[in-house]
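Paired with subunit B in one complex and with subunit C in the other, subunit A is shared by the two complexes that follow.
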Partner chain A sequence: MPGATLLGQAVLSGVFIGALYGLLGLGLSLTWGLLGQINLAHFALAFLGAYLTYHLSTVGGLDPLVTLVVIVPGFFGLGVAMQWLFTRFRVSPLNSLLVTFGFTVIVEAVIQSIWTADFRRLESGYASINLRVGPLFVPLPELLTLAIAIALSLLAWAALRYTDIGRAMRAAAEDAPIAVAFGVNERRLAYLLSGACAALAGAAGLCLALSQTLAPAQIYAWIGVIFAVVMMGGPGRALGPLVAGIVIGVTEAVTMAVTAPSWAPVVSFSLLILFLIARPAKA
Partner chain B sequence: MNVATRWITALVAALSLACAAGAALAAPSGKPIRIGSTLALTGPLAATGQVHKIVGEIYVEQLNAKNGLLGRPVEWIVRDDQSKPDLARTLYEQLVTVDKVDLLMGPYATGAILSAMAVAQRYDKLLIHHTFGIPNMAKYERQFPAWSMGPEPQDTVPNTVLDALAASPKPPKTIAVVTSKFPSVHFVALGAREVAKKRGLKEVLFLEWEFGNRDYGPIAARIKEANADFLWVGALGLEGNQLIDAMKKIDYTPKEQFYMYPAPGPMVKSPDANYALATTIFEEHPPFTSNPQAEAFIKVFNERAAKAGLPDTAVDTQAAASYSAWQILEAAVTATRSLDDKVLANWLKKNSVATIQGVLRFNGPNNYGDDLSRVKQVQNGRWVVVWPKEVAAPGAKLIVP
Partner chain C sequence: MRVIASLVGIAAALAVVPFLGLPAFYESFLYLVFHWIVLATSWNILSGYSGYVSFGHGAFFGAGVYTTATLAARYDMPFLWTLPVAGAIAAALAVFVGLVVFRVRRVRGELFALLTLAVTFVLATIILNTPLDGGPGVYLSAVPLPKLGPSASSMFYLLSLGLAFATVLIAYLVRRARLGRGLFAIHDDEDVAEVMGVPTYRFKLAAFALSCSLAGIAGGIHALFVSYVTVGETFSITVPLTVVLMSILGGTRHWAGPAIGATVITALMYAFTAGDYAIAGKALVGMVLILVILFMPQGLLGRWRGRKKHVAPVVDVAGAASVRSQIAERRLSTDATSERAGSSPLLQIERVCKAFEGVQALRNVNLDVRAGEVLGLLGPNGSGKSTLINVVSGHFRPDAGRIAFRGREIAGIPAHRIARAGIARTYQIPRPFRELTVRENVTLAAMFGGATLPRAAAEQEAGRWLEFARLDRKALALPDELNLHQRKFLELARALAFRPQLVLLDEVLSGLNPAEIDSAVELIRDIRTQGATIVLVEHVMRAVIALADRIVVLNHGEVIAAGAPAAVMGDPAVVTAYLGAPAHA
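Now for the complex of A and B:
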């Protein structure tokens, strides 16, 4: 049996990676649940955000957290532009999958042409800071990721639940014609939501840059697990991806600590299947 | 000799010299010899694919600058296989049947090479390839490896590494073997377990993970708990750095650590990878650079790689194997004065070729020759060969921290 320290460190590692899953899944979940778009480009935007963070920090000399001042508004505009294209060409939910996949390939090519296919690593001041809680080590970049994921998930949840705009978004997702009849401007809300989700991808990019080594093809490495997170958390639910991400992250990490690490993906996807069987109506 | 005779003699000598120089520097002429290949120019393997592209371009330029092949210019047709073995298969079919190339050159990466090998076999074409990772799968009789890893790297590479450690001031008594399930590193890791057992090392940990794993934290924690004298990591490219990062986050540095196929640039730049070991066939220091052709190649490659924006511009295993592949092809064509695949393959089976990584022979199992793998170590931000002693960098020794 693994020791308590090993198990504790594994759980901590699972919470941290789970927070990143949750953060990456948040924007995807909201566009899927509230706009009916399966936006594969969300992963490409997150990596574009990560590369921009890397570039602005290493070349521009900015603190990685400060790069959000540039990236968040820029990505909001990008999200609005994408939504304009979807509206202009009346892209259906199924076609959104194909269109955003095409967009992902284009972004990957752009990233490769600018930063090459080689691995890039952001050496920030945060990376060298390790906090200690008893025998456990808590790396600062991962702790920042957890804090950002919790803050943004709560913010999105509160905005959807307690603001008029949030209620209108949920109403439009539930029954658009009725919502429009009650004066909801569905198109404007879609622009706002698409922009906000792209901005969330930018924020997830910051966390990717802080804790991961970057390569253009890594965009695709996250798709499977993040879709599992979104499906478990429930599309359109702001807190769902974070909770599901941490459940999957911890399950994978404990599996790796207790048995062969190669079992980790099997366990997490089995968990998803069990969840879908047990809660078919809500998943 | 009168003045007129002297003038005539001088004129004849000058004309002879001019003719000789002209012949030596004659531009290749006639119908180009077309050599076809694919490379992973996009997709997950593109970082290394770019290295092979630069090397191929350099070699073809050098060939054409010195009279081409058989006096004819060389044209290299390279297509992007997008790091997909299935696409590589289709593109090689096209190169043979549509482009009707004279010769083939291998793609990059084991999967794509296997695909190309199948096409080459169907059309009885010669296939010289750069870095094929699983020699016992190279069954086609007209395939020739440019990477001198020998027919059984799962046995020879671990023995070379453990020989190096056995000769160090602190030979390890315990070993942890952790590996990705990526085929070309996995079977060598399994071989390392066997070799370690035969040599009396106690295995305190064995772990496997799926290629594409994202969270190395729990694996690092298990390595830390096992705390072996020597850590063997079967990691491909980025995986090695991810594991090093994860170990750093829990404040752990292995006593001795070896990485099978790391991404050499990122690893050498990581301060946490100091004293890490890896295997190589070529590094940018003597005795490898004592070869004038290697020295000249390094200079050009460094410039081109920098111009192409590669973060790591050094010549190591990939670039050296790639250059060697072209050297092998040139040697066979020049010696046989033929473009016939059968003639070229027969010549290669019976002859050795001097390359920048050493003399390669192809008369062993599956056309593999000697394992020329060397052990290199990160020392103060650069890779240096530390074993075997006769090819170690001047003054370099394996350092056990």
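Now for the complex of A and C:
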């Protein structure tokens, strides 16, 4: 057994990576649960966002956090455009998976042609700052990620729960024709939601750029675990991905510390399988 | 037969290629085409036909890869012998996963997709961390290859050609067999399929095992083809995604769809991702995918329903007359049987209870249905009538009590076995299989119901009942093209093609206009004369009075009255249940 400090450090890094899982899963979960789309392009957008952050801060000299000013509105527009496509062609959930997969492949090619297939790492001012809490190291980029993930998840949760727009969105997801009959403009809400989720992908991209090494092929590496997070959190529930992400992240990190790092995936997916089979019946 | 002959012809023509002395490049390229044809077509057997989309095809492919790699490299097993083992291991893995996943009733659609995806990662991790791989990958260049054809690449070519031929043939045969029919029914409405006598659990499991064993064999061949296998390459997400893509591009409802999709995409990838324009080629593949899905959501062969290829309805004027005379004959024979049956009840319901989250839907219900009678089941909305039908047909399991059909206990046994024992039902809101034609809907019932006829006989039977239900002109239409009246009659025709002994009719008359009700009442009379016992759940009082021999009234899940129609309708308790308690002065 590893010592208490090592274990504590593992739990902490698990929380941090879990926050990133949760942030990446948030937009995916909302489009899935509320719009009935399985949006693989979410991963592509997140990486596009990460590369843009990288580019704007290394070439343009902007602070990584400032890049959000450009990325968020831009991505919102992309999300709206995609939603237009889905509405125009009445894409079914399964087909949405394929369309967005096609989109992902295109984005991957674009990234590869601009930034090449090599690994890129953003060397920002934040990366060198390490806080110490007792015996534990707390890297600032990860701490930022955690803060952003918590803030955005809470924001999305509160928006869905307490605003009229959020309530209308949930009503439209439950039964669109009835919601429309009660005066909900379902289409406009879908545009708003799709745009917001794409913007969330942009924000997740910022966090990816801050703490991870980037390569175009990495887009696919995240799909499995993020889907596990979304499933466990329950599609359409704003706080679900963050909670599930942290659960999976911590389990993974502790497994890595106790056994070998390569055993990590088996834990998260076994957790998912057990959860899916044992969860309380929901009609 | 024509299809099989042309498949054999194509395979034979392709088998000549290695002996033409073409550059090895062609063999390798065509090998890849066949490889993807096997993977996509085998995936389609479960996922395309039944709608259970698996994202775990890579796992079963990978199981095959590593079975062959381990057996050939470590245990010096001859390469060809490892292939059946690879198929068997992949199938065993599928059965294991299926036993767990399919047993959970609510695991459907997307959940199945994600669970199979998870299996891929779990398997990859296990292989990576055990001596099966251990991390560095497995080299297979030292494995001796069997001599087949002029060179090593022709050996791979011929092997994969053979497997592709077998896989497409299997997909075609399954499509036409009972298994395929059942899977298509599951695709449209699994609950109804089960109630129609399709053993859904077993069929899904069989299709899953078949599909995965073919992927496993393809994996075994591919292991030696690449001669160096790694976990990262084998279990990558691109395998399942590509397979899904190819199948949907080609059309999942057609046996040849995935093969065509596989050919197109492999060619595209080869043409555009090799050479200087690799990145542009990748983007182009993505573009093609988007455009195809947007403009042809059903795939290249999607519109091909084979509708026009059906022969004209079997029933002619003479046939119509024969139905009537058969009914007359059966009336004679049933009179005899019902006399023999005497007073012994066909269906006995004793102290049956069913609660939903605290709401007691059925409370100690006792009820007998006698052979040959029409029993009217009445009660206000929410009184438990539909729940009773659902419990008898096996959709719900009763909490307590026993249900005996012809003396055999049926409470709690799977719905398809209840159906086969001879109980058919209709749904208040018609639930036809939406992607099957009217005739296919009825044929399915004849194939899986109490009669379990072979396909040709079932089609004949279907034709007869379509004529009986006055739907013969609509035989080749899809259910969505029917009006409510016709869809209700389709429900009836489907129930009758079962040749049931007991028919549970759940509000067949609701929503029909008076003229339609009259014709439906006539039809139900005919059903009775052809020998079936009927339980009629109904609100249309005049129809109940006209048809029922006995009436049972439910209220709040309890039987409050039973007996002859006139007596029951005068019962004060019944009047109270329907109209409320009389006001006291």
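Throughout what follows, the second predicted complex is superposed on the first by the 279 of 283 C-alpha atoms of A that agree within 3 Å, B and C clash if a C-alpha of one lies under 4 Å from a C-alpha of the other, contacts with A are read in each partner's own complex, and residues count from 1 in each chain.
We adopt the following convention: a contact is a pair of C-beta atoms (placed from the backbone, for glycine too) under 8 Å apart; a residue touches a chain by one contact, two chains touch by 3 or more.
Model, not experiment: these values are computed from the prediction.
When both complexes are superposed on subunit A, subunit B and subunit C occupy overlapping space and clash. Of the two partner chains, subunit B is the only one touched by A:Ala10; subunit C is not. In the superposed model, A:Val110 makes contact with subunit C only, not with subunit B. When the two structures are aligned on the shared chain, A:Pro139 is found in touch with subunit B, with no touch to subunit C.
When the two structures are aligned on the shared chain, A:Leu85 is found in touch with subunit C, with no touch to subunit B. Look at A:Gly102: by the touch rule set out above, it reaches subunit C but stays clear of subunit B. In the superposition on chain A, A:Leu45 makes contact with neither subunit B nor subunit C.
When the two structures are aligned on the shared chain, A:Leu239 is found in touch with neither subunit B nor subunit C.
Contacts of A:Ser262 after superposition: both subunit B and subunit C are touched.
Legend: residue contacts after superposition of the two complexes on their common chain; A:Leu206 is shown touching neither subunit B nor subunit C. The clash between subunit C and subunit B in the superposition falls on 25-33, which is one of the stretches 7-15, 25-33 or 205-213.
Touching of subunit A by both subunit B and subunit C, each in its own complex, is seen for residues 108-109, 112, 260, 262, 264-265.
Of all residues in subunit B, only 42-44, 46-47, 49-50, 83, 181, 207-210, 212-215, 217-219, 221-222, 224-225, 237-238, 241-242, 245-246, 249-251, 263, 265-266, 270, 308-312 touch subunit A in the complex they form. Interface residues of subunit A facing subunit C in the complex, by the touch rule stated above, are 38, 85, 89, 91-95, 97-99, 101-106, 108-110, 112-113, 220, 223-224, 227-228, 231, 260, 262-266, 269-270, 272-273, 276-277, 281-283. On the subunit A side of its complex with subunit B, the touching residues are 2-3, 5-6, 9-10, 12-14, 16-17, 108-109, 112, 116-121, 130, 137, 139, 142, 212-213, 215-218, 221-222, 225, 249, 252-254, 256-257, 260-262, 264-265.
Subunit C meets subunit A in the complex at residues 53, 100, 104, 106-107, 110-111, 114-115, 117-122, 124-126, 128-129, 135, 236-238, 241, 244-245, 248, 279-280, 282-283, 285-290, 293-295, 297.
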